[in-house]
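There are two complexes below, and they share chain A, which is joined by chain B in the first and by chain C in the second.
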Partner chain A sequence: MVADFEVEFIERDDRNARFLVRGASPAFANGIRRAMIADVPTFSIDTVRFVENSSVMFDEMIGLRLGLVPLTTPLDDFEVGETVTLALDVEGPGTAYSGDIETSDDLVEPADDNIPIIELKEQQRIELEADAVLDTGREHAKHQGGVAVGYRHLQRVEVVGDAGEFDEGEPNILRGVIETEDGELVATDEFDHDLAERYPGKELAVHDVPGAFVFHVETDGSFSVEELVTRAAESIGARAAELETKVAV
Partner chain B sequence: MELRVIEKTDAELRMEIAGEDHTFMNVLKGALLETPGVTAATYDMNPEQSGGQTEPILSIKTEEGTDPLDAVGDASRRVQDLADDFVTAFDAAA
Partner chain C sequence: MMIPVRCFTCGKVIGEHWEEYQARLDDGEDPAEVLDDLGVTRHCCRRMFVSHKDLVDVVSPYQ
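Up next, the complex of A and B:
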């Protein structure tokens, strides 16, 4: 053990989580954040072969929209650069949705079924075959697995006294997660981001807690938050391993 | 990752680490500064549009008795340990 990391979840579901990491250096926290955005690969449509496109949009515009549809990505089963073929065949009147996309491999399918691709009128039809490729966000933003990834310092709120009797009751807005004097972690949306709401009539002192980062991670549905965070940390470790072997020669 | 040593003495090293960016270089620099025997460590990176040297260059200085290349090796070992410990701690909480 070189560092005593302590991880604690504050909010958590499949695509969205907020967790506290204690014992990290700013460099390491930022490395993990950047790796989550740019270095964890996801599938995204990259090549499209149109059989018919009698819609009101050019092939290229449909291609762009298809590229932005998140696809589920089982990272254990694929390597960067591998492709999976998908197809779409919709006739108007009606809207072509991401859920209409057929896949040749059940492991890779649209993460959401309700993303509109194009509205088709009477007599309009769209039929195409597409190749999704596994690549990283560094290559193209459509391959980003993490769509909203960031961190804030954990903030410690201490009651230092009572507010003056005739003070204006002004709001004291703070966003993120606070640590109370009892060591309890509270997300600020629980009290409407207003400290005056939680500690009425008190005078407060707020400090950043050193080495404690509250990460907020949201994925596009390609994989779970746990997968994204773990893969990001592993990608940093893998690069360090590569450097170590190359320097040793 | 392609390494190219630009300048190397017993106590100093300048090395290009092609194919990497701030994501890894900053973590590495942070680890180097915590490595015993290292007196100074930094890296320089220029944006794509600058037209000159755009790959990161790592520069380090070490105390007598510490080979700069060994220090880089130690620091990369440390980064791996950090990453492993982080994954362990994260998995335990998840």
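Up next, the complex of A and C:
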């Protein structure tokens, strides 16, 4: 089975994208989704050494918050298991933000600068050193690069006739992306997810297009959507190649 | 105590929007409109804001 996938972007942003893949099987679409969630590694703080913590939160609670802060991850420069040291030193009154985290390697820094870590009052201080480790979502959810990654079938909407003259104008809600009879791709939020709004007074037939999946991919800021999707595809390819060599006689 | 860094359900980073959300609510804006504007569209992420209460000021005198 050698065939090219046809990929078409519907929405494209650095951290958020929607694209249509044609010619994929349901199993492969789900494989890609799972690889994006579990197999693409990201940096995340894993070990914290507290020098001083006189804030209102326990060390463990702050450790948990630090672990969830997304860190930029240049996957070309690091291997799984490598660590980068980070440090935070803030004195109250004021709030310690993720942007206050100092890094020993400029390639790995907080992806967002204004996540509040802990609010400090007068006389309160936090000083800590932390190790971020590169690992996969399979190991811990904080290493997941993709956020709410999913897909839907592409749905084809056809006008089959006019609605009866005395039919009530009921809403016909559909979410995702539709393909019109002219082959045009339309995201349903353009017409408020209501087919009755786009095709008033028409009778419609809606059915799934076989082998066409609309992926919605959002990243936490560790890397771009393109990076996440290509790395996920590569990881499936690498595993298929590994299987091929292992079963070879 | 502090707004969670990420949404419990989907994992989207939401902590960064809390202060703006709070400030705009104090200005009398509609919470639903503020959340739409901040790009917090899923209802799992929206409940993180709607149901959150900052408690740092409440517990800090007892340190």
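Methods note: the second predicted complex is superposed on the first by the 247 of 249 C-alpha atoms of A that agree within 3 Å, B and C clash if a C-alpha of one lies under 4 Å from a C-alpha of the other, contacts with A are read in each partner's own complex, and residues count from 1 in each chain.
In the analysis below, a contact is a pair of C-beta atoms (placed from the backbone, for glycine too) under 8 Å apart; a residue touches a chain by one contact, two chains touch by 3 or more.
Just so it is clear, the structure is predicted and the values come from calculations on it, not from any experiment.
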Checklist entry - Clash or fit: chain B and chain C on chain A? => result fit
Item to check | Partner touching more residues of chain A, whether chain B or chain C | outcome: B
Item to check | Contacts of A:8 with chain B and chain C, given as first, second, both or neither | outcome: first
Checklist entry - Regarding the shared-chain residue A:237, is it in contact with chain B (first), chain C (second), both, or neither? => result first
Next on the checklist: Contacts for A:214 in the overlay, against chain B (first) and chain C (second): which applies, first, second, both or neither?
Outcome noted: neither
Next on the checklist: Per the contact definition in the header, classify A:248: touching chain B only (first), chain C only (second), both, or neither.
Outcome noted: first
Next on the checklist: For A:130 in the superposed arrangement: first (chain B), second (chain C), both or neither?
Outcome noted: neither
Item to check | Smallest separation in angstrom, by C-alpha atoms, between chain B and chain C in the superposition | outcome: 20
Checklist outcome for this item: chain A residues where the chain B and chain C footprints coincide none
Item to check | Residues of chain A defined as touching chain C within the complex | outcome: 54, 56-57, 61, 65, 68-70, 98, 111-112, 114-119, 121, 124, 141, 144, 147-148, 218, 220-221
Checklist entry - Quick one: in the complex, what on chain B touches chain A? => result 1, 3, 17, 20, 22-24, 26-31, 69, 72-73, 76-94
Item to check | Residue ranges of chain A in contact with chain B within the complex | outcome: 1-9, 19, 21, 24-28, 30-32, 34-35, 38-39, 226, 229-230, 233-234, 236-237, 239-244, 246-248
Item to check | Residue ranges of chain C touching chain A (in the complex, touch as defined) | outcome: 1-6, 10-13, 15-16, 18-19, 42, 54, 56, 59-60, 63
